[in-house]
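Structures are listed in the sections that come next.
Each of the two complexes below includes subunit A, the first together with subunit B, the second together with subunit C.
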Partner chain A sequence: MDPSAIIFQLILGIASAMLYWIVSSGLTFTFGVTRVLNFAHGAFYMLGAYFTLTIFELTQNYIFSLFFGATLVALIGAACERGLISRIYGLPVPFQLTLTFGLVLVFDDLVRIFWGSVPKMMPPQFVGSINVLGRALPIFSVYLIIAGIAIALIMYFLLSKTDWGMEIRAITVDPETAVCSGLNPTFLYATAFMFGSFFAGLGGGLYVPISSAAPGMGEHVIIYAFIVTVIGGLGSIKGAFISALIIGIIESLGALFVPWMTIALPYIALAAVLILRPEGIFGEK
Partner chain B sequence: MRNKTILAAVIALTLLIPFTGNKYLLYLSIKIWILILYAIAFNIIFGYSGLLSFGHALFFSGSAYGLAILVVKSGLPLPVGFIAGIAIAAVFSAAVGFLSLRHKEIHFAMITLAFSMMFWGIVMKWRDVTGGEDGIAGIPRGMPIFWFYYFSVAVVLICAYIIYRFVKSDFGLVLEGIRENEVRVRFSGHSTLKYRLYATIVSGTFTGVAGALWTMLDRTVTPSISHWSFSAMPVIATLIGGPQNFLGPAIGTLIYVIAQDVITKYTLYWQFILGMVVVSVVLFFRGGVMGVLERLFERR
Partner chain C sequence: MAEVSRREFLKYIAALGVGLAIGGGIGYSARKPEVKIVKKGAEEVGGKIKEKIKIGHIAIFSGPFSTYGELQKRGSLLAVEEINKAGGIMGSKVEIIYRDSAAKPAEAVKQVRSLVESEGCDFIIGIDSSGVVLAVAEVMPEVNKLLFVTHAATHRLTEELVYKKGIKQVFRIAVPVYQDGIMAAFIASKLPAKRWGCVHPDYEYGYASWELFKKTLAKLRPDVEFVGEAWAKIGTTDFTPLISSIMEKKPDGIHTVEWGFDLFTFVRQAKQTGLFDAVKYDGGYAWINPMGYSIDAMEALKSEYPEGCWVSGRYIWMYPDTPLNKKFVKAHLDRWGHFPAYSGETSYTAVYMIKKLIEMTKTLDIDTHIKTLEDSTVYSPAGVRFIRKKDHQAVYSVPYGQIKHDPSYPIPVLTNLQSVPAEDYYRHPPFKEMPPFRELYKKVLPKA
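Then we have the complex of A and B:
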């Protein structure tokens, strides 16, 4: 096969990997801090898509809509944490998964009530392409890759260089000692959840211009985010970045070489990792 | 004793349903019976051994597709397809159980999800055999729906009784022990892995019975029964009814299906109400309906 086709497909794979990474980063981060695997993360992604779309219709400014939409999602995330999810910390996993799954059902129907059941589109953003090895690479994919790397750097900076990041890391590693040394768990859990939800919203907002917003769109994404987080190691942000790349790349190359089984590839990868290394690539035992 | 009398009376009353002549009611009732078996079988590993499977759709649809393919595509007689479908579910559950034994909690949920969605991928893509998104139509039911009702009820009740004896046996007690404290059970000389594997196989096999009945009722199979959202159904139903009680999943399924049927008549937004119910069950009634009932009767 033509090597330029493979490289081109690889770049597209990395671009979609960045979308997986942005959504999964929030999921794995909130899990690391609060130990709750949040099904509703996909619903926040959907809300991000709808908010971005509606704010764009009002302001015609995509970047502004993207960030404002994600901020609104972050606030909703914080409200959910305070009102509901904070009550289920420490409960067995099935209860956590079902409560947050209940939220998914509620948000899906709320979106249907406010925006209707028909998928909504917005005008494509950053139209145009650049020439890569004689093929037209959409400029949006390039921006997606830049955004993904920027978010990775911002996360690294926030978590390792700021006081808030240090406190978050402290409460993740040893909640009891952290609380005894005077950290405020209520504040930290709520802000961690807000932070995680922000990235769900951002992911949704980035996805709308290349596709559409539809009720239930979060359910597909959350399963992918689960796969990415579990492969990377639950709670590991570095792991999420690497495994998002793995999933994005095997999917795009799979589409080239084994198109009939692309649909199952992420699940095969998940099962393989769980059998060979149950704690994930960067997970702790 | 009184509980058993009430249960027997309720079951006897449902036997009159075919005489109402209402085709829709009949269809819905069979559906409820089948889903009750699905939920009870699921609850063997959820309620009794504390493992959340997020991939029971694999066993359900494995059996359903097995039956459909063997009967429609290979032209085998229906009873052979029925048995073969259940056998396929048993083989699937043995394989999944063997590969996911080491996992607990989230990881168990994720690996079962992975296997069931792999099967979904195969069903969607292997058009020649599974019919892809269109599924397979034209599965015979073998009898009029009037008699199929009694056939389903008989099969479901027999299976439920076997499951009941199974979870109330010494074996079931060890399973509950694993749920409460796995280390202690291991110290008392039981191989927890072996118990888990057997529980998964029993659970998967009876899920397969439900899947085979479902195919005969609907006379078609589509990939929607392999999708993970179909695995979420028994989870929700069981939580509503109460996982710690044998009849919890049955009550939960009954509420789930009837509520869905009734609410969709009045509003399109039935998921909203279901979501609210699920959230409040987790927040306030963690024992489900049966938990609430048990507490009420204890107080007297």
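Then we have the complex of A and C:
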């Protein structure tokens, strides 16, 4: 096979990987801090898509719609954390799953009531393609790669260079000592949840102009986000980035070489990691 | 199959099959526009039979495919409202109860039991998804109620469970994957494309459609090649790696049974990656998307779906041009503000078939119902359906057409409608051979 075909396929795989990364970044971050497995993360992603679409219809400004939409999702996330999720901290996992899955159903139905059950589309924002290796690379693949890397850099900066990031890391590593040293856990948990929801909303908003918005759209991506976070190590942001890349690339190369088993590859990777390193690539034992 | 009824059926189908605008009318359009079952020796009789006739409708009402439940509900609820407004079924009111299958076989089976045992439903209709219908059909003999399948398309339902295993309680109103695979191949055989590739959802429906497509097209056009396959998981967020892997194989024709949310993503991304350009020919695109004329796809994609692509459905609202179909489309538009989806038509027809069945037999006895339905002819918005005795499949033909953006309609319409008599593209019991069964298709289907 022409080696340029493989390189091109690799680039597309990285672009797909960035979508997985953007969605799982918030999920793994929220889990790292609050120890809550948030099933509703996919619902926040869906809300991000719908908010972006509707705000775009009103303003015709995509970048503004994207950030304003994600901010609204972050506020909803904070409200959910304060009103509901904060009440189950420390309770067994089934409580978390039941509550956050309940939220998924509620948000799905709310979306159906406000936007209807037929999927909605907004005008595509990144039209056209550039010539790479004699093939058409869609502009939106380029934009996904840029957005994914930008989000990784922003996360890195916020968590390692700001006071808030340091406090978040402190409460993640050792909650008791952190609280004894005067950190405010209520504030930190709420802002962490808000931060995670913001990235879920951003993921939905970034995705909607290359696809569409539909009730329940988050249910597909949440499964992948879980695979990514488990492979990377629950709570590890670096792990999520690397494992998203792994999944995106094996799927993409799989489509070229073994199309009949593409669907199985992420699960094979997941099984391999669970057998060889159950805590995930960057997870803690 | 009784020879008489087959001939009678062929008489209608032959007229309907091609150029329906001209042929379909005669004899058919003269009738009163209402859904009707015709069966020799059976007559409608009067008198109340039960206080309330209860129908359970199971479809997907939650999750990413909930649109499909909604589209079905529009059809069945419209029928129930019309029937009740006109006095019910022999004076009995009709009640319809909706239940969510959540696209899960076990959940749907639970709902069937609950509808029959707790709610006292007399009939079950609905069911989306191949996996779900195979599970549900298995319990129908046990609950012993009739199931009218209005959406799920796997041919294994009628070929294996009804025909081979003898589950008589199941009837399918909608055309199965014969439309997606076999009829699609008839269209493909008339296009210049010689190198076919596919992008399909990675489950039963995708595999069945592609198998039937390849087998039929290889018979019709020995000169074509099948160059590549891409299998997409349900909920694929990025189709570009799949598209590019297929484009490496240089196809000049694409067969895709993607549907719903995934179809929107796929069409959008195929446009950007140049897949449509790769399959362009003088008269349009060698792009065959069997369920592409689904109402949700048309309402969402609108003009983004390129003109000239070949699409179809299990019913399309502009065909056939009969008073009954026009009446149905108008009623649906008035009631819901949307054109009817294919599953809306099948659900509407299922409810009316129940009405006619009770009126004809004056009983709720299931064996009588089965005998009445077998080898009967149903006049419905989608045209004349012949209910085949051996596999309980409603045999009727649905055309393919090319997408056209007409500013006088809110959604794209279809032009250049192409159709083959249903008898020629449906597989026949005992399901050993693949169509075409005769050379007729060469005459009836002009060069597309």
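Everything below uses one rule, namely that the second predicted complex is superposed on the first by the 285 of 285 C-alpha atoms of A that agree within 3 Å, B and C clash if a C-alpha of one lies under 4 Å from a C-alpha of the other, contacts with A are read in each partner's own complex, and residues count from 1 in each chain.
Heads up, the rule we're going with is that a contact is a pair of C-beta atoms (placed from the backbone, for glycine too) under 8 Å apart; a residue touches a chain by one contact, two chains touch by 3 or more.
In this text the structure is predicted, and so the values were computed from the model without any measurement.
After superposition onto subunit A, the modelled positions of subunit B and subunit C overlap sterically. Contact with subunit B, but none with subunit C, is seen for A:L99 once the two complexes are overlaid on the shared chain. Once the two complexes are laid over each other on the shared chain, residue contacts for A:V127 go to subunit C alone; subunit B is not touched. In the superposition on chain A, A:V173 contacts neither subunit B nor subunit C. Using the contact criterion defined above for the overlaid structures, shared-chain residue A:L110 touches subunit B, although it does not reach subunit C. By the touch criterion defined above, A:E219 reaches both subunit B and subunit C. Contact with subunit B, but none with subunit C, is seen for A:L270 once the two complexes are overlaid on the shared chain. Of the two partner chains placed by superposition, only subunit B is touched by A:R87; subunit C is not. Applying the stated contact rule after C-alpha superposition, one finds that A:A150 touches neither subunit B nor subunit C. In the superposed model, A:I7 lies in contact with neither subunit B nor subunit C. For the superposition on chain A, the stretches of subunit C under consideration are 20-28, 74-82, 128-136 or 326-334; the one running into subunit B is 128-136. Taken together, the two structures place residues 105, 108, 112, 117, 219, 223, 260, 263 of subunit A in contact with subunit B in one case and with subunit C in the other. Against subunit A, the residues of subunit C that register as touching in their complex are 62-67, 69-70, 202, 228-231, 233-235, 237-238, 240-242, 244-245, 247-248, 260-261, 264-265, 268-269, 272-274, 296, 299-301, 304. Contacts from subunit A toward subunit C in the complex involve residues 1-2, 5, 8-9, 12-13, 15-16, 19-20, 105, 108, 112, 117-121, 124, 127-129, 135-136, 138-141, 144, 207, 210-212, 214-217, 219-221, 223-224, 251-252, 255-256, 259-260, 262-263.
Against subunit A, in their complex, subunit B makes its touches with residues 46, 50, 52, 54, 99-100, 102-103, 105-107, 109-111, 113-115, 117-118, 120-122, 124-125, 228-229, 232, 235-236, 239, 268-272, 274-279, 281-283, 286.
Remark: subunit A residues 37, 84, 87-88, 91-95, 97-99, 101-110, 112-113, 117, 219, 223, 226-227, 230, 234, 260-261, 263-264, 267-268, 270-271, 274-275, 278 touch subunit B in the complex.
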